[in-house]
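What follows is a group of structures, each given as structure tokens.
First chain A sits with chain B, and in the next complex the same chain sits with chain C.
And now, the complex of A and B:
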């Protein structure tokens, strides 16, 4: 049978194409150019002077299932790393995780290439980070959104008081709503997201006891189509302020909602510069974003490693150290009454001084 | 009495209906009402308890009819309708004492059913000609990525018009992937399941690479296809809001369902296609070119999968995310089997899945005391029920999945 050879060849070709395309293990991508055009003056990386002092630290970033340009969470971590890299002239690379089964593999990719600092992003990568930190005790790890008890000596857990950020967003929504119905489009039901949601609910009720909060969890952070339908569904039930708290899923929701003409609130970083970048339709409906300064946290962890002050344990970023808070109102400012702005400032101040608590417990 | 499938279904519906009626009669406050939003007609108040008892009785009645074989060919449509009524009951129950926008939800169901319906049409085109295609998910994903990339690249010069070329690119990407599948499974007679799996994996890698290598640098949230109101028809109460105030791919899907049905069952090409899918040797002896028929059908199917991919990145979201098709290509295959390899049946199946998705969101908004993770499972559970052959008897084309060896 002369023909019998063909299926074999075809399969070999197919398989090799598949392998070429996705690769058995993702190779770290050196970010020669920052993927986000937001950085002001990019330094040509090829011109970087050869280090005369001890070789620069190597910093690796492993994302959650999500991408360094997701417009919210992972992108913010990436920006924090790049700030430290530019400032301290470090070497860096990132790996984007495609599936939760790859967490450990991606971390060990950096560990085996002798990276000095490995940043992992996201609650769901917590177990993998702990396992790898024990396997490579000389490498410094920092993880966003996870705190270990008891602490691991070479891991710095970077946690945030999302409930405070959500509380402020809720207060804003509760003050802005005309229908007394507001909505929140969440990603997966994991602690950081739950804290955002509960904070949002409590914040809204604190300024407007009659408000009704509609909430939806969507079991994916990368399903903007579902986020969109969730937001539209909430609008159909009279919601007139929507808070998107779930990466691209939430962003898909607020983008659709803003185009429908209701107020929207972004999450993690200021979505005026990401989801609504360049005044995309609905940009003037974005009243604010519930910030979670992942960039500051990641930057701090790397800076500590550079300065030799790195310590394992948990670092909390909250309202007192500006780790969380609301983004500027941008183009929506003219439509936000002075009284609302003052009330928000008052709540933010009270939170900073520890006088206002969110009442969220997990 | 032999226990046939209609009888099993009949008993299930009968028990379900009785339980529903009894529960509602006993546990629901007769004074509670549910407000249903019906689009431009405003709202309608229904008494929650009475409606639920009524739906329970209808469910039992359909069960009895099925049990005594009174439905025959109307079995599947009747039971699907009753199942939809039961879902309505679920909403009346969840929203008792409050309101729910019914028409908005049905419109959302149609939108969410669109990629599923297109994917199942892709499956029908392929499998009716005898080629199994489990690579629909991959074709959709690759099309979503490549269509978006083309839109992104061309919009520098063409502005918003580039999206139409992007859509064309998405459709052609689906066709190209399908051609790859066709060559492997028709020319080289590779195992079609393996070829389809290869396409799925290839699409994940290729689209991920495309996004990281090019799209990541461009930071771009794109335009999406505009809403087009069909003149006159859009003003019909209820139906207008559901069917005629949509974005283009939804209309294309509706047209393609009708067109596929027409071509498959009322044209010479459709007859040949079915002949090739049922008995290729017989078709060959009467002079039908089996290979050509299969090639053309598989590629046409791929074009439809490509259109489904365009729905994600170009019609709904305006950006591309890795794995954004989220398994809809596989659900599409379930919808195809649900519909017994017929376009209208598959469309019904797609609607059911779309409705389940919309329901999952709505029940969360109504704060129904059901864990939302359980609701996420509903479409998949429904798939298993369908695959287990509980609804009707599914008969795949006889030569489905078997390469044709010319004698």
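And now, the complex of A and C:
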């Protein structure tokens, strides 16, 4: 019996040599794109697309801990990149980060492969991006959710006024609640999330001074089960509108809450097309989503790089340039009184004109 | 021992050949497991519509194809080796130390604290002190479940899992915004940077490879020496093989449980200390490394033998490090790496599959590989 091992080993060696031989051959396989979630979010063209010179830039995206199909934050950034890639005929790739200790390694992987533009997603990746930007000064970086002071010449910080988006969500919740108790399920206590929460609280109180806001921070963006527990305990304390602000953690919360029959509000993307895609149970309980157009921001950064107008510094996406705002009501619209809709439109307009401020300071 | 080897007692070289061939087939199992896992992984890549050569070429080129790639692979293999040794040592005493992740955290926490708060020491005092205190942190986190097991008989699996939660959440509270260890000059939730005098030097600048590698290599031989060349190590293995027999022979089972868990914690703590002193130079919130949990797989793959642990660690490091370039080249999900890792473990754990697949003969004798015992002692 034991003798049988030698032919086997020979076979193994032979096969691995064949594999090795196949390796370097430039097989003309078309670059396969990962399946992008089939969402119908029509991305409004911010700038007129103009196909430019054939010198195709190479664009790389490094996610925060999470996947490019997570249904919220990372996926939205990925979509923004892919829109630019399709429009300007660029080359692109992405790396999904497994652990925070890998941030620098993943960024330098793109740098070593001579990528021209590197997009990093998320506040937690801020330090690593700054370090790598200094190490590779000729590469253009754009980071979502981080602003550097003083600015770094080759890094564009893409930040959002989450408080405005949260304020609108809070106003909606404050107008919809019957019990005068509303809830918010947050992710990590980092500035973008804190701004969502404070904006939500102020927005709700602005339209309904008697409202009580229950809130909780959960120390992960990838823990839907913890989000669910938090949402259910808020419902047990009579909350009848729940806002989920924390990636898949918040989505887990509003999914469970919507199934329980209370109103829910999504975050970042229009979650009607992600968390409640294909009319998943509770889809008609989603009143809106507090949008944060990560896709527009990423697209803008890449478009600037293509057109040669890329500048380091901070780009703010707010109500005035449609960087934040509420998503459509979708199937919940028939249950939202006309008066509520009008009031919301009024607040959104005032915010756009700069007449309404959220009163949130960090 | 085989039958034919017994017949040819007079001719020693026949015996030697038989033993050698047995050893080769034993050693071949992990290689065949890896090969088979990669082959199945290839099918998965192909089924997902990506290019198999591009993916695997990216994987190996990313991990081994450049000086930077090799350096990064060793950077990752360093904590893997130390944490893998921690789990392997536990297995040798019949203990399942799932707490390597928590001990890793405590090592990092203690080391970074000494690294930034103790000022005015020369490097040859400050650096060893930071490493030592880091090891102590891990030792503390390992000793507690060991003590609970020895004294109260509570299962170490439960307790180490709980200790993990305590470690992770405690670090988060300490380091997060407005926490006692938060660097208030930074918007990012992290501790202040350690002083240059507490930094593990780079081995080959400009690469990130740091002197923690030397600690890991030394630890491999120290653990080997401890387990097989000292009375203490003999006792630890005896307790692992059969606690009742060890007790009957006059060994203290409780003492060995506590000691094994403490040493295990020291190793995992060193891994954490190396990460902050050599690599990050600060401890960020969300320092989720996964090293502690991956190290269980590494110890299993190495069959809990300290001298095999570095090889298993390097394999895991190759897979983790190469994943980046694999994604760039082939655009497939990083989950593929997890699939390959899971298959390797499945094949090594259930080596009957590999023996059957490649027609390798059965082992005649059962080797002394104890993983864990059930509840109680």
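To be clear about the criterion, the second predicted complex is superposed on the first by the 312 of 362 C-alpha atoms of A that agree within 3 Å, B and C clash if a C-alpha of one lies under 4 Å from a C-alpha of the other, contacts with A are read in each partner's own complex, and residues count from 1 in each chain.
Note that in this section a contact is a pair of C-beta atoms (placed from the backbone, for glycine too) under 8 Å apart; a residue touches a chain by one contact, two chains touch by 3 or more.
All of these numbers come straight from a predicted model, not from anything done at the bench.
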Touched partner set for A:96, first chain B, second chain C, both or neither: both
Partner chain in contact with A:252 - chain B first, chain C second, else both or neither: first
Which superposed partner A:127 touches (first chain B, second chain C, both, neither): second
Partner chain(s) touched by A:67 [first = chain B, second = chain C, both, neither]: both
First, second, both or neither for A:275, with chain B first and chain C second: first
Touching partner for A:219 - first (chain B), second (chain C), both, neither: both
Partner chain(s) touched by A:327 [first = chain B, second = chain C, both, neither]: neither
Partner chain in contact with A:319 - chain B first, chain C second, else both or neither: neither
Residues on chain A lying within both footprints (that of chain B and that of chain C): 9, 22-23, 29, 33, 67, 96, 98, 189, 219
Residue ranges of chain C in contact with chain A within the complex: 21-22, 24-25, 28, 31-32, 35, 48-51, 53-54, 56-57, 62, 66, 68, 72, 169, 172, 176-177, 186-190, 208, 275, 279-280, 284-290, 320-321, 323-325, 327-335, 358-362
Residues on chain B engaged by chain A in the complex (per definition of touch): 37, 99-101, 104-105, 108, 111-112, 183-184, 187-190, 194-195, 198, 201-202, 204-206, 208-209, 211-212, 215-217, 219, 221, 312, 316-319, 321-324, 326, 357-358, 361-362, 364-365, 372-373, 376
Residue ranges of chain A touching chain B (in the complex, touch as defined): 6-7, 9-11, 14-15, 17-18, 20-23, 29, 33, 35-37, 67-71, 96, 98, 183, 189, 214-220, 222-226, 228-230, 232-234, 236-237, 248, 252, 255, 274-277, 280
Contact footprint of chain C on chain A as seen in their complex: 1-2, 4-5, 8-9, 12, 16, 19, 22-25, 27, 29, 31-34, 60, 65, 67, 93-96, 98-102, 104-106, 108-110, 112-113, 123-124, 126-127, 188-191, 219
